[in-house]
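To keep things simple, chains are lettered A, B, C and D as they appear, and every chain counts its residues starting from 1.
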């Protein structure tokens, strides 16, 4: 690659003193002083959380209140800092959601380890885990920040569902085999 | 000396001390606020004093202005745990902040900050000690401040403070020359008096009936050199070599905390304030306003002090303004500027004015 | 119990243009299924004649006659026999495929019900020709009376030593057994039939390696022939192979019983000389034409698994003989090669005529429902594809058609045909492929029929 | 493959896979042949150890053979003189097509790809796609091939078929029929390998449903192999169901310790907990099967009666203390050893070394475990490593179930010190009084009566917690690796034995507590192990000469790949 030598423009006398530049700079800063602040006074004012923000990972329920997580443990697998720990369990045959068969017995996310990468949300095949707009967690002990299933559901709440995958499955089950 | 006179002096000293101290404290606030405004931020706006802050509109306004912040800062300096690192030389380590603080405070004794005109039209300066060699005193005492920094840097027994201290000493010594030299034309101008009060008084009259006889108008170069040197002497940006956070963490005061750090801190701001005062007295006509004659009596006195303080604060603002505008020099640039530019310039300036004054005096 | 009440006699006179060989006696009012009646009409003479011949000679006669399998594939029977693995030393089996399961076909039933001894004689000649150790008639459970008639006939024949040990003193022994299948379509497929006969699920076997001629019933060489084919053997012996080959046309010898059904005035079975008549003759002359005011919409020329013809279609091409042709449906000759040349097949000879009174999508839905129900479920493409196609066509027929369904159906058909274990893959793919190709406009119209209803329904299923 | 070499035919043929010539063993099918070429023919129903049914249609490939002129029988050549390939017009299934010389196969043509896409789509239309809850996820052929060969999007908008779910078809197997792709591997396994044909299909077409015959259960001891060979998650192990996703499992090669067959296994563990044991293919030993009973052996790791504490006369103590006391016993007075056929070869060898340092003659016994063999993978000899004890010289005769000699010796005081390793001798004819008479050092994994009355208790690692080797009925040395760490406080690896050896020999006889180090010693000392080393033993095991033991009356029955010599069997 050819090197192009640029000649430096010689400075004028005034420029050599740097004073015009200094004054120019001071003019800019002075002008800035009278502009309104651009910052947000955080605890009093809350920022508008943009869509796709990656806050605290939470577990959600579908609009019918069904626990969406089926403990497939993909999030546990994909989690780079190993913050997620799931103990799978089987849904009781008498339960309303018996057709789902599997649900987490325990589900914990160690928020001290979580790096908010959002892999868990991306990998979740059931759309059960979402990084929501909560971003400031605090606690007095390490244990307190290992969030358990109930806490995760409390934070996650209910999100709209596009598929109702399992409800449809239930419908099909109730409809039965149409072949005879 | 009568005991009541002594009492008056002590009272006056305490008054000035407290004013300067609180000015220093509020300078810190001002610094933070100016920085915030320049950068489009809000600055300190949360500290409240319980009852005062609770007053409906005013309280909120003051709180948002951050006027209670210095109280919090001061309390913090006082009550924070005082760690003394194990590796320091304890005696000098403790001594250094005091050495930095005391000269800064001492310089104010000779700074006139107003006048009292009695019925007879006699003018009395408002000053703690009206020395004839006031400016020499200031130069002498304020240069002691560098010992505080050098000593602190050395006593900390740690590399960053040490580097900070070394830089500070080199820088101070370099710029002190220009500082002193830049003042000589001023004293020549005012008939060789080294009394600050006289110099201020000398700037009272209008030349040719309309031109304010402020030194800065006649000796702009002196003023510029003095100002630049003053920046360097007070370790302010763009000359904050001793601190330079980016390469020396906090420079000479890295190992200091709590009250000892507070002393350094207040000392630095006192330096700025006193420096500004000196500049106002020498170049900006002190408490004089052009085309205005201050009335006699107490009212005039108060007015004069106000004018002086306002001018001084304006200059303090310039200090801050510059700080948040200019980037830091490199160390070699500081040295180059000091020795290769300012010093020759100051000498040339002196020679020039010496000739001019000689020529004027011929007539 | 009176069987007569259950056997509907064709009360129409035999059409003068029919050439009846196999059904020569069947519809005679004085003819019944008993062995006495059969013997009176010259029955079992050919068996005696055959037993005096060498088995190889019989085989040669059959080969000379060029009789092609009447079950659907149209493979020459003599050739099939030739492929038998005689070196293995294992017993050879003969099976009569009486699992007449192709929708539209009802010819074998006529023979079994009305002239069972003809089949038995044909079978015994064939068994002797291939030196079978045992012969079976595999009959579907949906013909219970046929089975009963056959069993009675076999008893009668056995009493006269026409089958069983040392038949007619020839030293050759072969018994004949009627086996009732559970009436699955797939049991008509020869390896499926063999599996069923062995007592297993009628899962067709993979070929290779399980060619019945080598590894058939109980892994022994086995011949499976259609009822009509086996009956023809008797007539070949009667006429001599070459004489039989004179009937019909070269390569399409003999007569065939055509089962005509659908929207014609006189549906029924017609035994016709091969290649002499055309589909037009069958529909309009024998079948009496369409009902008043109706237009022909489609013809399925050889059982529901054959590719459909759309009315007005023209078939152009070159016959194997080099003769160029340009046929309408009515011009296609009634034989094996004619429909083949016209892009379909004669199959089991079941001609279904469809007029414009029906929705063609519903016709396909009906056919698909049949094939989805009859898929044995062994291999993937047919198992899943047939039901999928059924679900689509049923939905389309019920008003839920989408425009992309047409292409989807064609694609599913393509994914099935040629990739399955047995021919059921083709059987279920061909109707769909041909219906969708030839009636594309009607299928696309179906999607446009009720867009409002469409938008309300959400077909996305999990 | 062994039958192959018996044939007089040419052993290998050259075929062309995607135009690349490959030499493959004659007579194998295209699935295997293409694998030799380093390519994959996806398949579901085909299993190398089961009959071929060809029903999944996933292995469709294009195949052609060199044409021969019908009239002359001469090979047909194209213009360039190369053999003219007569391509079969339809795709053929690789599993039922055997190689022939010069055969051409296309595994990547557009038709083949189209076939695979089509079959994958068909397999998925009625599959519930419940991978998130399916235990097979991660080792599911349907998932793998859908990713590799599938279309990637769905065209199916109809309602899926409904079939029975979570059906118990046996004590250890749970069936989810919706996931079943009807490959019939399980049915064939039960018929052909397990000799217990209880599985079958009911219903027809796409509604075909796998189930057990009425009144029957899939309860034979090989039932869980159906779970292993199920290419999807239809048959699941009730024990492993929903316990752990397979992708978390660390897989460690191990050996089934149930009998002298020595089935090769894979132990799946996560973070020190074993979740399941599955068979590992070894065509010379267990093919791809293993008994169900061997799959629950991992429970001994966390068993209630597991011994994890060194103790002296019931008082917990440090490991060194217990071992030092044991060595003190050994060095003073007449000693004897009761070892176990469940110990590894290395442990048995170290015991012989320990015995050699004890004063006088130190007799050793093994306790026999005999039960009826099932003719498959459980032999009559239920000790996995009796032959190890023979080869290492620990014993020189076939072990017996009752230790009458020892009993007499204890009674008469001829044996003052007794080392018992891994056996409860109270079950082998030794009374508690006799135990009390001698200084008994019990080394074992579980608490038992012997441990209760022993002077010194030393905890032993289970097979899952250590590495080592066994010698099975065929005199095949088979390695196993450590799957999980031992309990806290128990010395690792062979340390119990090497430290005891060092203590007994006054520190003179020191061996690293690793199998490799012990093998170096054994290779020097034992003829059968000459020129062998631990790392050199292949994963499928290494046969060693058995001539020295030809006359011993081993108690064995026939098993899958082992036929006892009649002379011995008669004895």
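Details
Definition applied: contacts are C-beta pairs under 8 Å (C-beta built on N, C-alpha and C of every residue); 3 or more make two chains touch, one makes a residue touch a chain.
Just so we're clear, the structure is a prediction, and the values are computed from it rather than from any experiment.
Ranked by how close its mean Cα position lies to the mean of all protein Cα atoms, the top chain is A.
Counting contacting C-beta pairs between every two chains, the top pair is C-D.
Note on chain placement: the centre of subunit A and the centre of subunit C lie 66 Å apart, centres being C-alpha means.
Centres computed as Cα averages put subunit A at a distance of 45 Å from subunit D.
Inter-chain centre distance (subunit B to subunit C, centres taken as mean C-alpha positions): 116 Å. Work out the mean CA point of subunit B and of subunit D, and you get 87 Å between them.
Residue positions 372-373, 387, 461-462 of subunit C each touch two or more of the other chains. For subunit D, residues that reach two or more other chains under the stated contact definition are 128, 159-161, 205, 207. Subunit A has residues 169, 172, 179 in contact with two or more other chains. For subunit D in complex with subunit C, the residues that touch the partner chain are 52-58, 60, 90-91, 93, 96-97, 114-115, 117-119, 121-123, 125-126, 128-129, 155-161, 181-182, 200-201, 203-208. Listed in rising order, the residues of subunit A touching subunit B in the complex are 22, 25-26, 28-30, 32-39, 41.
Of all the residues in subunit A, the ones that touch subunit D in their complex are 70-74, 76-77, 88-90, 93, 99-102, 125-126, 169, 172-173, 175-177, 179. On the subunit C side of its complex with subunit D, the touching residues are 184, 201, 203, 206, 208-209, 372-381, 383-388, 391-392, 395, 402, 408, 411, 414-416, 418-421, 459-462. Every residue of subunit B that touches subunit A in the complex is listed here, in rising order: 34, 36-42, 45, 321-322, 324-326.
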